[in-house]
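Have a look at these structures, which come just after this line.
The two complexes that follow have chain A in common; it is paired with chain B in the first and with chain C in the second.
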Partner chain A sequence: MSSLVYHNIMISYIISRLLQSIVTLLVIVTLLFFLLSILPGDAALLAGDPRMTQDPEVIANMRAKWGLDRPIHIRYLDYMYNLFKGNLGVSFLTNTSVNSLIANAFPHTFKLVLISFLISTTIGIFLGFVAAMKRGSFADLISMFLAIVGISAPRFWVGLMLMYFLSVSLNLLPSGGLGDGSLKFMILPAITLSIPLIALLARTTRSSVIEVTREDYVRTARAKGLLENAVRIKHILRNSLIPIITISGLQLGGLLANTVIVEKIFSLPGMGGLVVDSIHRRDLPAVQGCILIFSLGFILINLLIDLLYGYLDPRISYG
Partner chain B sequence: MKFIKKNLQLVIGAVLVVLVISMAIFAPLFAPYDPIEDTNLLNSLIPPGENFILGTDIQGRDMLSRIIFGARISLLIGIVSQLINTFIGTLLGLIAGLYGGKVDSFIMNLTNVMLSIPALILALAIMAVFGSNVINIFIALGFTMWTHTCRVTRAQTLSIKEKEYVQAAVASGASKIRMVVKHILPNIISPIIVIATFGAASAILMESSLSFLGVGVQPPTPTWGQMMSVGRDYIWTAPWLIIYPGIALITIVLGLNLMGDGLRDLLDPHIK
Partner chain C sequence: MKNIKTTLIMILMVTIIFSGISVNAEEAKYGGTLNFPLAYGNPGTLDPVWANRIEAEIVTSAIFDRLVKMNVETLSPEPAIAKSWEISDDGLEYIFYLNNDIKFHNGDKLTAHDVKFSYERVMDPEVSQITDLFNSIKGSEKYQEGESEHISGIEVIDDYTLKITLDRLDISFLNTVGKRGSEIVPKDLINEVGDEFSNILVGSGPFKFVEFIQGYEIKLKAFDDYFAGRPYLDELVFKIMEEAAARVPAFLTEQIDFDLVFSAQLEQYQSNPKYEDCFVKVPELWTRHIAFNTEVFDDKRVRQAFNYAVDKELVVEKIVNGKAFVATGWLPKSSPGFNPELEGYQYNPEKATRLMKEAGYSVENPFEVEILGTTSPDWGIPIVEAISPYLEEVGFKIKPVLMDGASIGPLENKGDFDATIDSGGGRIEPVDYLSAYFWSEIAPDAGRSTRYVNHEFDKKIEKAYKTPDFKKRMVLVREAEKILVEDPPVWFFNYSQAIGIVQPWVHGVVKNPTELLLQPYDTIWLDESSPRK
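What follows is the complex of A and B.
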């Protein structure tokens, strides 16, 4: 295939995937809007001051203020119109724009997810690779057992245990909050968020590497006298990467979602904390905005991964 | 003996799962105290010791008894949510695979939408909208984790539909239902069992996370997630409130995950 043709196919693939992502996002926004609109209990009433909400006039005013007295399809169109302008609405509770709430929370979550992702991929792939190279050894057995325990333990339990042993008992690390913003406040949250992914990536890497080791081209590479390290890095590791990247990508979204738990344990201000608080307080615009951002993150990550495939494995075609 | 040696993971997993299942069924026999009624504020937060092997909670209830009874809810959630997920996933996968065309692309798009919202966040939102009780947990976990089953079923249906012997059967007048029952279901049953086993493990984990976030099964029904959620406030003084329910939870989830691994190796020797 000439490079120009390939180039064109690539571009039309990217465009069609982008369009698909936009449609998916629109469907999510619509479904969420209607799901959240059937919330029992009057949102306007719950967002208001409990001392005043007995007064029907106040409730009516509040409903009018938030536009909740309009028919649902008008509200939907209004919401979508604002969304196209990049406006996520105004929080019922804080009276500030949802955009600014998210803009304040997002950097913290982004930092946490990024650090955890780096930790998980580095350690997870390394452990899995070593386990595969020493397949059947005691070290392999132990690390794979630890890996399956790591997948089976709830994140918040692991987090609380780390907090108990490292901050409460030994007083080594801070037990929560942002502190002065230094890295040591991120250590426990990042480890907590990472452990299940380290475990999962170690398992995936191990089985993928073992599978690739059996391929003919690895035997050929060894037979033609390449150094063992060259075979391991260039042939085995590179070719094992596709399932590893798939899992990493899928789980990157999982990391994002699980900040909900980790930020709650360690009292961090972020998207996770924001969405949980907003759900509890029935702050619909904030809930909707947060879930939208989570989904957008998910969709973008998946898109990136699909594009990465082609780069890593030229056998995959986009035709 | 040979089977045990060859399928060690499956056997260990099954032992752990059977252990928790019998704990749930025979809870009243094993539990030394009543998990809900035996409150006594004089016994509040007693560390693990002679009378209370795993200590007591803030209301003076025996932790061991609460953990034993808590197995019931966890198992129920794992089983019911996977029955719902498996039913939805298989049905949609079959429909997509058999009918193709617009129906197929609609179902596949629905799957993509489901996959684009993090399951935990979706479940959290569903619990918040409909309220915290056991039925809604079933809904939140039963309607959000079917995508994997759906994809596998669809892929298998597509490939089996094209097989010559199936085409021959259809040409000689076999109905769609017959095709599904005779040819497709037998082929998808083992991957579906594996997916459901792993799914039960993640549903149990997810329930505990929802409880931890305060939207799970509400007291007084004892659940492991809720016990740990309460325990979080006493981590400085009473860590046993968190440690032991967590170990119970890990036991069942680990058992199911080991079983899933073992079953996959046993039923599908290609993947290993």
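What follows is the complex of A and C.
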């Protein structure tokens, strides 16, 4: 297959995947719209202090202002029309555009997720690889034990423990907030977010590497007299990467979702905090906007992974 | 001669003693930044016409001023923008005399025209979320229906004199002009910038608005020309932190200067000897209770039995960690209408069993009830779970149902519930505090979710609303509350106590029973030991 033909196949594959993604997104938006509308609770009731009594006329006025008094199909069509124009609507809670809310929150979350992903993949794959190479050793035992702990420990608890240990007791790192925006404020949240993924990747890498080590081509490579390091990196690691990448990709979506907890306990102004606040206050446009962005992220990551497969394993075709 | 000498020595000694005292009492100092947590979460928007939640009021109170402000000790109004006021004998006409040297942050002078504009803006259904705030002002209805351009009851007599006429007696009117929604905003600026005002927020309060990062923080800085004198702080930063578990490490690492302590965090702070003298405690204007849907709980004896069945003292001590006072009725300790002689319901399981039996229920044939509540450890499902064994012993069968707050409201409004655990009150005027939940004039979807009707109680409330004299009104309030306790629409649980913890370098924090997070930010100051000075 000439490279040009391959190139064309790739492009048409990407285009068809993107088209599929649009359909997926449309389904998600629609489902979400109707699900949220049957959710009990009312943004207008929550605009005032829930512990205080409120005038029903005031509530009705607010519902009318937000268009909540119109029939649901009209609201849906209106929403979709605006969506196609790239307008996610106006948040009930802040009275500002959802676009600007997301534009302000997204960079914080993106930074957090990116750092966590880099930490998790580097440490996780390294640990797993070492454990597999030294199977049965003390290092293997310890890293797999830690992996179990890492997977089982709830992020909320891990975050608070790190906070108490590293910032309250030792005063090494700030316990939360953005501070001056420097990297040290990201360390604790990023580690908290990474730990379960490090653990999972270490375990996946270990079993995948062990499996590949038993393959004939590895034995052949060694028999050819290749240097051990070349065997390990070129033959073993590269061939073990497919399941690792799959897990990483799926979990990257998970990282996005878990920012909800981490951003709350570390008081960071990202998408996670935004979506929680919006759900509590039934700020429908903001919830919809956030979930749309989360879904979009998830879809793009999956597409990226599928493309990576082909790069790593030429046997996978996109025809 | 000797006498003169003695007198001189005496005078000298007295002078020394008193000068010693004045040296001891530290003088307030300027400068520094106060990091103050918004423990209830993100206010979203700070425009007064949208700021109908306490989250927002905590911040708007620093940026804006109102005609009057509440004295936190007496809970009565004292001068703010208005330096004095007169009320006509029939209680329908108010004349406010404004300070004539007040400036907005943009330099504009604050006049009676701004007050009129602000009040009309908050009543305008096109822009406001709090359109019921000034319902009692004459002409407000016509204004809202678009029949008139202005509210006829608000008259500007001259630049610094304003007359407000009510169309009915409103005993809480002075409270209303001192609470959220009634902030004074600059007329000329808003006419010029329109909706953009919510992003620039210009008021006449002690602090100027600098920046609002949604979900994170709100930054303000001192307004040098504040009419009551420049605030001590240079900067006031509100940190949005509703996660109590996250506020504790932030306080311990000195990133925030104050924390509102929930019962779950109390022990952690109390066990730290460093903070022994740093607690601020105040009985709040909130009554924790379980509201009965009286259409389900239609037998008074069942409601009384519920009240007799539980050992509240023990629950408050063990579950609420002593962060409350056992309720004897509806009006809490900090309310001007509190009745210390009210006995309420003492723990009496025998009497509860007997009442249940009379009503036809027993352990074998229990009264089944679903109680809705949130996860709140102080007034949520954890409390319901703790009291269930008591109730089941006398013939109830309790099913706790955990829901989020947003889902409970609509069910209450529709009457689709048996009982809910909740916190109610929050009003300074005792008649309002009583009527809001139980007066049959209030619609079930406007707060009287109990659907409680007691005509004797109604009569007292109606009479109290027509009694401008405070003392006479309180007599009626006590009578009304007695009726309410005898024919209970709720399980009277406790009057909550707010507990705050303050860093040792912060001075001037007050015990505000309406809300501990509402502080006089202009008189708070920091000494040299603050890390932000």
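The working rule: the second predicted complex is superposed on the first by the 299 of 319 C-alpha atoms of A that agree within 3 Å, B and C clash if a C-alpha of one lies under 4 Å from a C-alpha of the other, contacts with A are read in each partner's own complex, and residues count from 1 in each chain.
Following the convention adopted for this analysis, contacts are C-beta pairs under 8 Å (C-beta built on N, C-alpha and C of every residue); 3 or more make two chains touch, one makes a residue touch a chain.
Everything numeric here is computed off the predicted structure, so don't read it as measured data.
Asker: Since both structures carry chain A, what do chain B and chain C do when superposed there: clash or fit?
Answerer: Superposition result for chain B and chain C: clash.
Asker: Quick check on the superposed pair: does A:L93 touch chain B, chain C, both, or neither? Answer first, second, both or neither.
Answerer: The second partner, chain C, only.
Asker: Once chain A of both complexes is superposed, is A:I299 in touch with chain B (first), chain C (second), both, or neither?
Answerer: The answer is first: A:I299 touches chain B but not chain C.
Asker: Given the touch rule stated above, what does A:P174 touch, chain B (first), chain C (second), both, or neither?
Answerer: A:P174: touches chain C, not chain B.
Asker: What is the contact status of A:N258 with respect to chain B (first) and chain C (second): first, second, both, or neither?
Answerer: Only chain B; A:N258 stays clear of chain C.
Asker: Is A:S152 contacted by the first partner chain B, the second partner chain C, both or neither?
Answerer: first
Asker: With both complexes overlaid on chain A, does A:L308 touch chain B (first), chain C (second), both or neither?
Answerer: A:L308 sits against neither chain B nor chain C.
Asker: Let me test your reading of the model: by the given contact rule, A:N104 touches which partner, first (chain B), second (chain C), both or neither?
Answerer: Touch status of A:N104: second partner only.
Asker: Could you look at A:V27 and tell me whether it touches chain B, chain C, both or neither (first, second, both, neither)?
Answerer: After superposition on chain A, A:V27 lies in contact with chain B alone.
Asker: Using the superposition on chain A described above, determine whether A:L274 touches chain B (first), chain C (second), both, or neither.
Answerer: The answer is second: A:L274 touches chain C but not chain B.
Asker: Run through 313-321, 439-447, 475-483 or 493-501 for chain C and report the one that clashes with chain B in the overlay.
Answerer: None of the options clash except 313-321.
Asker: Would you tell me the residues on chain A in contact with chain B in one complex that are also in contact with chain C in the other?
Answerer: Common to the two interfaces on chain A: residues 39-40, 160, 163-164, 168, 264-265, 280, 282.
Asker: Can you list the residues on chain C that touch chain A in the complex?
Answerer: Chain C reaches chain A through residues 41-42, 44-45, 47, 50, 52-54, 125, 129-132, 135, 198-199, 213-217, 239-241, 243, 245-246, 249-250, 252-253, 255, 286, 404-407, 409-411, 413, 422-426, 436-437, 442-443, 445-448.
Asker: Inside the complex, what are the residues of chain B that reach chain A?
Answerer: Contacts found on chain B: 109, 112-113, 115-122, 124-126, 128-131, 201, 205, 208-209, 212-215, 225, 228, 231-232, 235-236, 239, 242-243, 246, 249-250, 253-254, 257-258, 261, 272.
Asker: Residue numbers of chain A touching chain B in their complex, please.
Answerer: Where chain A meets chain B, its residues are 20, 23-25, 27-28, 31-32, 35-36, 38-40, 148-149, 151-157, 160-161, 163-164, 168, 207, 253-254, 256-258, 260-261, 264-265, 275-276, 279-280, 282, 287, 291, 294-295, 298-299, 302.
Asker: Spell out the residues on chain A that touch chain C in their complex, using ranges where they run on.
Answerer: My answer: residues 39-42, 45-58, 61-62, 91, 93-96, 101, 104-105, 160, 163-164, 167-168, 171, 174-178, 264-270, 273-274, 277, 280-282.
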